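Both complexes below contain chain A, partnered by chain B and then by chain C.
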Partner chain A sequence: MNQLAIDLGAVLAAAAPLIFATMGALLSERSGVINLSLDGTIMLGAMGGFTVALVTNSVPLGFGGAALIGAAIALILCILSLTLGQSQTAVGFVLALLGIELSSFLGAPVVRVPGPSVPFLPIPLLADLPIVGVVFFRHNLLIYLSFLLVPFIWWMLFHTRMGLTVRALGERPAAAFARGVPVTRMRYLMCILGGALVGIAGAAYSLDLRQGWSYRHTFGMGWIALAIVIFGGWRPWRVAFGCYLFAALEIVALRSQRTMAGVPTQVFQVAPFVLMILVLALVNLVSSPQALRRIASLPPTLRGPVAMLVSRLAVAAPAALGQRFERP
Partner chain B sequence: MEIAVTNLTKTFGSLRANDGLSLRFASGKIHGVLGENGAGKSTLMKLVSGFLQPDAGQLAFDGQPVRLRGPGDALQAGVGMVHQDPLDVPGFTALENLLCAAPRRAFPSRAMARTTLTTMAQRLGFTLAPDTPVGAMTVGQRQQLEIVRLLACGARTLILDEPTTGITAAQAHALFDALRQLAADGNTVLFVSHKLDEVAALCDTVSVLRTGQLVGEQLPMPQPQQRLLELMFGERIVQASGQALLLAGVSVSEPQGLPVVQPIQDERSSEASPTRPLVWQLEQVTAREGMVRLRNVDLRIPQGRVIGLAGLDGSGQQILLRLLAGRLHPDSGRILINGVDMTRARTRTYREAGIEYLPADRMRDGIVGALSLTDHFALLQPAGITVDRQVAAQAAREAIAAYEIKATPITPLIALSGGNQQRAMLALVPDACRGLACEQPTRGLDVASAQGIWQRLQARCATGCSVVFASADLDELMAYSDEILVFFAGEMSAPLPRATLTGARLAELIGGVGFERSAS
Partner chain C sequence: MQIQDAGGQLTSRATYQLADLADYLARLVLPFLGALVLTTVVLLTVDVAPLDAYRILLFGAFSTPIRFGDMVMLASPLILCAGGLTLTFAAGLYNLGIEGQVVLGAIAAMIPLRLFPDLPPPLLWMLSFAFGAAGGMLWALLAASLRLGAGVNEIFAGLGLNFLASGIALYLILGPWRREGSASSSGTALLPRELWLPTVGSLRLAPLAPIIALVALVVVWWVLSRMRWGLEVRAVGLNGAAADRLGVPAVKRMAQAMAGCGLLAGLAGTLQVLGVFHQLIPNISSGVGLIGLLVVLLVLARPIWVLPVAVVFATFTVGSVQLPLTLGIDSSIAGVLQGALVLAALVSRGLMQRRRRA
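Right after this comes the complex of A and B.
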């Protein structure tokens, strides 16, 4: 029982960087901008954040630096795509590659150099609670913030006027424009805020979960974050669930590696990614037109619940995602 | 609120959409703005509501000169516009739509917004529920929601661009009543339309635009229709004879009831149809698409007939069209084409049997926008490795001449106007076509283009091709159909010969009054 609690706590901690990255991507995509540079941004954020923290010997400054790097990459994406009208997909993809290579090049001096990390901060009293304390309250400030980020983003998107505007930008920018919203400026803002969160996700790896820096330190996490946002249907809670699911798969793979020594380690490293793809494919299959037609031909008693389940699972992307808005 | 425009000019490329317009709309009145498609009505309204910025000229609201940087500025100054396709967010509920980016003073809280929505809707006679998603509303309801939103955000002038396109007669009635009430309260209403009867029924004054210029300024209503037509179309209407006048007469029908049009093909309709071979024969066909279901349809369509499908959008006529064209397979029953059972055949087999389909959404389902007419003819060539561009170009040139398409053989079709695209689509239908299923063949076209399309369709009928078309336009249905099938909530009537119908009767049937399902 205690081991399970420790494992659950480890899952919550391991998911923290993904939470920051996916919530950042979510903000950006909800406003209609798809930031494909995530993988490069996380890598540069990890490298930059670690270097800043190492040089200044200050973890908060490290996170600040990582946030700035993420914001700067998002700004480049915005200028090229929103202002100059280039394809968001192409620009984002190139930025991802650039970020990956640049982090290897610039980060060479700090490879495997020991550096500062986020200090352990159990919450007094709560940490001593049985089970719950172990799962939730024996982490550091970063992990606690990741717990708070999800409800905050959810509240912002669905319970504030600001959130309504952001969602309108992603669904139908022309409607937002008709209501007097400065569409491009707001999209810049959301994309840059989102980028800062993605940068923080990078520093969360290098200053906490995988302390230090090495070649391609966080490779692949950005792509996984993008996939989780799609799988989560652009809904904060479901996206968070996806992050925790992925972290859990990673932990399970790690544990199995010990118990099943005969299986090559690569299998366990790849397994979470493959499982994610399977889940994504399943979700999309269930929501395809053919599946909907099947559902329509089910007996009436079954049809209602199944249709409801599918409509819950299948969520369409923001309608204007990736599209440029030109004022008339 | 008085709106004045002085010398307003807006150009798009070489097109002068608004050419030095000077005009004044007095407050507390309903002003009609008339003109055919492309006359510059929408451009003028978008300039007044801040969507577009003028190249030259001034705007003044209540005598104060204004410069609008966007629609937000216009709304703040008290001018709001309801677009033909209302600019709302489909994923939001009515309430969220109201709140989205609204000024804080309009709705201090969600609860207040809910109260405002229900009270305003009630006062204006609208049927709006705050928690309905916009995506599930009819166009009419979305329009009503926009009106409520604009008024709540402080609009004292409402601009409506072709508001009666796509809404039911009952909704149009409710809309007109609400607009009259708003004008009585001192608001200004600008009503943009190309339908004379609506303008006559609603407006206090009317202004007419033609090719970007003002040709009739603030004429007090009522005006003789003939005069308005002359203003709208210029000398063309004087030259027009025979069918053109008939068409014009149809488009200016009286609001209280549509006139019965002289049958065009008397000799054809009087022929005993059973003697002609059947193009389509449906036996006990049941099919479903989305939420709508057609049951046990029996239908026989002989050669050379024009069958009109009437009904509110989504009453089942689209399903029938798609069944006839082989785009949808029935759940049960049989479909025979030229006497051959084609119930489960592929679309390609249908086309080989001479059945063609003209969809309503040209750009999505009909043509490839980036390709030219030559490319389209090349696509029609029999399967092989290479295409013969010379043959295709020759076919394109012939089509351009025969169908009066304003394009070169290599113009991408997306660059064409709606009427030209529709003619191009029709030109692509092979001469061997035996049955043509058209969904709203003249949607979005002006009177002259629509008439051109119908001349072509009728020419095809004369050679034995049958045309089945769905339309929301009662005048069109009454003018061109030999028989009309009325659809109501997934039920289909028996074929009703046009001579037995009047426009008013047809409108009633579409609304379900006295509707009778065909006996099967």
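Right after this comes the complex of A and C.
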């Protein structure tokens, strides 16, 4: 029982960087901008955040630096795609590769240099609770913030005027524009805020979860984060669930390495992508016109629940995701 | 002669040509300038004389015959990938799954080598290339059917399949195809020497590699710019719905473009096995697919430009290998330079379009 609680706590901790990255990507994608540079941004954020923290000997400054790096990359993406009209896919992809290479080049001097990390901060009293204390309250500030970030993003997106505007930008930018929303400026804002969160995700690796910096330190995490956002259907809670699921898979992989030698851990690395593809395919297939017609011809007792299940499952991407907006 | 321009004003043809030339030059020069500025800034932050670094990046690959051979052996699969990507780019698809197609090609190329090691090498090579091409094509068609059949965006389908492909490669290396004695994630056992593609003297240069790459590139150019098929593919890329109304089978053309790209990526993977690494390693593609994507973002759907750009990119990468020893800096500056070139090209393209609209 105690071991399970410790494992659960480890899952929550391991998911923290992914929570920051996916929530950042979510903000950006909900406003209609796809930031494909995530992998490079996380990598550069990890390297830059670690270097800043090392030089200034201040962990908060490290996170600040990483957030600035993430925001700067997002700004470049916005200038090139929103202002200069280039494909978001192309720009994001180039920025991803560029970020990875820059992190390797600039990070070479700090490879495997010991540096500061986020201090452990058990919450007094609560940490001593049986089980719950171990799972939730024996972490550090960063992980507590990751717990708060998901409800905050959810509240912001679905229960504030601002969130309504953001969702309108992703679904019907022309309608938002007609109601007086400065579409491009708001997209800049959301994409940059999201980018800052992604940068923080990088620092969360180098200053906490995988302390320090080495060549391609956060390899593939950006692509995984992008996959999880899709897996979660652009809904904050589902996306968070995806993050915890992935972190749990990772922990299981670590454990099984000890107990069942021979099962390659790569199987677990691949799992989120296979899940993403399957979910995407399923969503598109069940929401196709043929499938809907078939549902409509079901006996009435079945039709209701099935239709509800399909509408729950089949979450479409924001309609204007990745598309250009021209002022009418 | 007078031509009416978009603004309704009459301009002489000479002015027009001059403007065109300036446009063309700007499109060629601006990316270089931009990339140079960005890379120089990066180099200065690590306190390296930029000129020394550029000298090695530009000429390092030509300093010895061995390095030149390495450059050709890198440029060949790169040409195959970038050439294939011009097909998908023309069809309006971002085939981000090309890395996985290279890996699957390499895996498939290993199958005949393992099954019939006693066949005469030339026959075995042919089999290997055929299997490799089929493997890459299969993986591309999987991405295509996810996109065209189930509506999964080809970018994410491709990305997912990339990771799946490298997962399969690792599984094979650690599992069924592991080395006798000790399983090692570094790769399968080396192929017997007689199965390596023949090389020039003591160099690592196998002439068959550039020959295959160039032939493939010519075929791509021919198909894309001289055949009705290519015209239809480009029509689909410009406006799929419109092309479909006009009787072009859009879905079929997209799938064919993907298949063609996968085929070439599979050949690239086969080259990596037979000509470069002589074994299956986890990182068998060594990123040629990703660099190929950078190349195609520079050249767009114009296969002729693939050759010079791929050679230049390969020159940077091979030259950069000497940087750690001579200047004490990391070799990834080559990747920075390549990425910066594409980024600067995108900026200048955007600025031009903006100016033209203004």
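Here is the rule we use: the second predicted complex is superposed on the first by the 290 of 328 C-alpha atoms of A that agree within 3 Å, B and C clash if a C-alpha of one lies under 4 Å from a C-alpha of the other, contacts with A are read in each partner's own complex, and residues count from 1 in each chain.
Basically, contacts are C-beta pairs under 8 Å (C-beta built on N, C-alpha and C of every residue); 3 or more make two chains touch, one makes a residue touch a chain.
Bear in mind the structure is a predicted one, so any value in this text is a computation, not a measurement.
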| item | value |
| --- | --- |
| Which of chain B and chain C A:Leu95 touches, first, second, both or neither | second |
| Touching partner for A:Gly220 - first (chain B), second (chain C), both, neither | second |
| First (chain B), second (chain C), both or neither touched by A:Thr165 | first |
| Touching partner for A:Phe105 - first (chain B), second (chain C), both, neither | second |
| More chain A residues in contact - chain B or chain C | C |
| Which of chain B and chain C A:Leu4 touches, first, second, both or neither | neither |
| Touching partner for A:Ala319 - first (chain B), second (chain C), both, neither | first |
| Footprint overlap on chain A, where chain B in one structure and chain C in the other make contact | none |
| Chain C-touching residues of chain A, taken from the complex the two chains share | 36, 76, 80, 83-86, 89-91, 93-95, 97-98, 100-102, 104-106, 108-109, 220, 223, 226-227, 230, 262, 264, 266-267, 269-270, 273-274, 276-277, 280-281, 284-285, 288 |
| Chain A contact footprint on chain B (complex, rising order) | 46, 51-52, 70-73, 75-76, 81, 83, 87-92, 96, 99-102, 104, 288 |
| Of all residues in chain C, those that touch chain A in their complex | 42, 45-46, 94, 96, 146, 150-153, 155-157, 159-161, 163-164, 166-167, 170-171, 174-175, 290, 293-294, 297, 329-330, 332-336, 338-340, 342-343, 346-347, 349-351, 353-354 |
| Residue ranges of chain A touching chain B (in the complex, touch as defined) | 161, 164-165, 167-168, 171-172, 174-182, 296, 319, 327-328 |
